[in-house]
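Listed after this line are the structures, all set down as structure tokens.
Two complexes, one shared chain (chain A), two partners (chain B, chain C).
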Partner chain A sequence: MLKIHQLSKKLDETEILKNISFDIEQGTITGLIGRNGAGKTTLLRTIVGILSPDEGAILIDNKDITIEPNTRNQIAYMSDTTNFIKQFTVKELITIYENAYPNFDKEKFLDALNKYKLPHGSLRKYSKGMKTLLYLLLTFSTGANYVILDEPTNGLDPVVKRTVLQLIIEYASTKSVGVLISSHHLVELEKIIDQYLFLKEGTIDNVATMEESTNKHFKLQVAFENGLPSEIEELEHVSVFSKTGKVAILIVSGQKEEFMQTLGKRNPLLLEELPLTLEDLFFLKDGGELYV
Partner chain B sequence: MFSKALWLKHSKQSRLALILLYLVYVVILPFSYYNNIFEMNRALEASYTEYPFIYIGEFSTLAFISPILVLILSILLIGIERNTGGIDFQFSLPYTPRQLFLSKWIFGVVHIFMATVLLSILTLIIHYSTILHQYIDTSGFLPIFVTLFLFSIAFLTIGLAIGTLTGHYFSQTLFTIFTIFSPIIIFFSVLSNLKGLFNKDFNGLLEIEKKIVDWSISFQSGSLSITKDFDQQNVTYPTFDFHNLVVILIYIFVFLVIGLLCYSRNANANNGKLFVYKKFGHLVNILFVYLSATCIAILTSTIANGSNVVVYTIGLLIGLIAGYYFYKRLNKFFE
Partner chain C sequence: MIIVLDARSHLPLWEQIVLQVKEQILRNVLLNGDKLPSVRELATTLLINPNTVSRAYQELERSGIIETVRGKGTFVIGLTKESVSEQTILKYQNKFSNLLIESLMEGIDEELIINWVKEVYSKKGVE
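Take a look at the complex of A and B:
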């Protein structure tokens, strides 16, 4: 198990991460979501060792990676940019990864390279999608038990994006790799994650599975003759997702039946439940200010 | 430290400096040594009267060029990656900061060693296959190559250690150059301020100056030239300057320790800024303001053509203000 224990990190005297704790199990995919500036990248960079934590520890099977640096090869990282690796050839990258990670599976990597028709030469001839795919294959071929991915689908076309997501599921399930993935593409993320971790102002606001969240919250589309009644709108456990004329979409926390009955008494023109998405939960948790 | 992964990354990153290093050590220097044959022949043909003195000074030239080359190497190994994102890639690999720093240092040392060995071999081949060996023996080569090797390593170590304190290759370059000359610069600034403010000569301090020069690394490793005097029928060879070697070794040790400590403590922070450590940046700020004030005070005093305490003090005050605002702007530029 990868255990993040009371992790804190300051950058330029600003506390970016505040006492963060969570676990990642092998074979599961955890989505890391949050607004821009919430501390997602800092969290990932600290877990991987790019930044050193000010307080707290990162443990793999109860071994602190700063005390036992050998355990570091159990974590592989894919950065949000492929700028640095583009100066290398595929052969050079294989040399780097197979020497850095003792369990690097070269054969599997070469098979995958052929499967996805990625050329063996210089990365300068690669498109953005090809570079991302190659970087992902390298990261998963390290043989590490935990893989940290920072916005792997950024700027990819839908076909490559789909391939990348399929690859993540494939490696997480067949190789029993624990994946922590940060992304703003919530629709895609929702399809592959087992649990999500919501980061807000440097602290973990919520860790839950989609199932747990749908049990706690629900989404309704309602329409009233004179618009949404203000007493409904002002209820603490009701968030107005959108309001257009008579129709409003609400995200509600708490007992569904009870709330439906309350609405039903007000003779709505329309009252139907919509499927709750990760994007809705994101809005619910941190949809206030434009900038954070 | 010897990981192929890191060495491949280092060589890719420092390719330019390595090409220059090998070009100078393996092509230019041996070729230059070879050219001494023609000097020698000319001296022999002229019956020594016209050219009684042959000066084989390639190695002294190398002692001047090599520090520049290894400083470029150190900047490419540690400074440039702070601005290209290479440092993140490197730290994402399963190595400790200590291993990363040592791998850079050993990488540089090995390349300097290989270049020096190749230079020695080529020099000896040229020496024995030409007429040079009839007039010059090889006894001077060992002190030359050993001194050159250690001298270059000292500059590489200084460059790398400063690279662990600075967040940008610009500040790494400037601060490395300053560090090399700092003992003497600081001494002269104190001396000139005492002289300017008290209008007195402090000749008693000259003894200290000698000590500072003796225990500082010089930008040139001393004379590494071979000279043949046909009139006197003798050859002068460089010998081991053990005091100089001790100074070089002290510098290597001290800066290696500084580099290791700083890189282990906080390696990947404040990239792109002038300094990695804020408190250290404040110290440099004070030093910068002080030195620029001294410079301007000396300049005003020279323009006023006299040793007037008031003029010197005015210059000092102007320098303090100018230095403070200039540094502030510089710092802002790199924020």
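Take a look at the complex of A and C:
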């Protein structure tokens, strides 16, 4: 198990990460979500050791990776840019990865290059999709038990994106790799993850499975002759998602049956449950003011 | 076996898989002895978490519809037709009568309901 224990990190005197703890089991996929600037990349870079934590520890099977540096080759990282790999040739990259990761599976990596028709040699002729795929294959060929991916599907065409997601699912299921992925593509992320972490202002706001979340919250479409009654709107556990004329979409926390009965007594014109998505939860937790 | 997931459905993904496998068996698209894709295959085709597929398969296995043979794969063993227990009959009788009362109250007439029943049975491909 990869354990992140009470991790804090400052960059230029600004506290970016505050007391973060969570676990990742092998063979599971964890999604890391949050607004731009929430600290996702800093968190990932601290876990893999590019940045060192100010407080707290990263443990693999109870061994602190700063005290036992050879545990570090149990974690592989794919950054959100391909700047690192694009300065090398495929051959040079293999040498770099073989040196960093004693369990690097060169044979499998070369097979995969053939399978996905990625040319050997310089990466100058590589498209963005090819670079991403190469980077992902390098990362998974390390033999590391934990793989950290920073926005791996960003800017990819649908075909490459599908391949990337398939590779992630495949390595998690057959090689028992524990995968941590940051992403803003919530629709695709929602379907592949076991649990998600919601990072907000440097703290983990929530660690949950989708099922736990859909048991705690539900989404309703309602319509009332005179619009949504203000007593309902003002309830603390009710968030109004949108409101147009008679119709409103609500996200409600807590007991479903009870709330449905309360609404039912007010003779709604329409009362229908809608599926709750990861995107809904995102807005619920951090839908505040928009800033860029 | 083709599974089509509906993102707008209330049903969790694993339940959608369970229902579609059952439906395909009823319609004779899947026959006894047919092999189902492995968990990994189905997960990578549908781009969903492997544990979601496992959960669906476990549920189907628990209801005796499929069977996993170690090292060989997962196979359809069909719906048991002969030995419906009294308890099961009672369970569905209750479910149906509740549903019928509700729909009759809403003004859906008997004929329409009978048509639905016939429709499902004709799609099933059994006399």
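Convention: the second predicted complex is superposed on the first by the 291 of 292 C-alpha atoms of A that agree within 3 Å, B and C clash if a C-alpha of one lies under 4 Å from a C-alpha of the other, contacts with A are read in each partner's own complex, and residues count from 1 in each chain.
The rule is simple: a contact is a pair of C-beta atoms (placed from the backbone, for glycine too) under 8 Å apart; a residue touches a chain by one contact, two chains touch by 3 or more.
Please read all numbers here as calculations on a predicted model, not as lab measurements.
Once chain A is used to superpose the two complexes, chain B occupies space next to chain C without a clash. Contacts of A:11 after superposition: chain B is touched, whereas chain C is not reached. Of the two partner chains, chain C is the only one touched by A:172; chain B is not. Applying the stated contact rule after C-alpha superposition, one finds that A:48 touches chain B and leaves chain C untouched. Of the two partner chains placed by the overlay, only chain C lies in contact with A:162; chain B stays clear of it.
For chain A, the partner that touches more of its residues is B, with chain B and chain C as the two candidates. Touch criterion not met for A:197: it reaches neither chain B nor chain C. Of the two partner chains, chain B is the only one that A:92 touches; chain C does not reach it. Note on the superposed arrangement: chain B and chain C approach each other to a least C-alpha distance of 27 Å.
Only residues 3-5, 8-9, 12, 84-86, 88-89, 91-96, 266-270 of chain B touch chain A when the two sit together in their complex. Here chain C touches chain A in the complex through residues 5, 7-10, 12-13, 39-40, 43-44, 46-52, going by the rule given at the top.
Against chain C, in their complex, chain A makes its touches with residues 28-29, 162, 165-166, 169-170, 172-174, 187-188, 191-194, 211, 214, 273, 275, 277.
By the touch criterion given at the top, residues 11-12, 45, 48-52, 69-70, 72-73, 75, 77, 79, 81, 83-85, 87-88, 92, 95-101 of chain A touch chain B in their complex.
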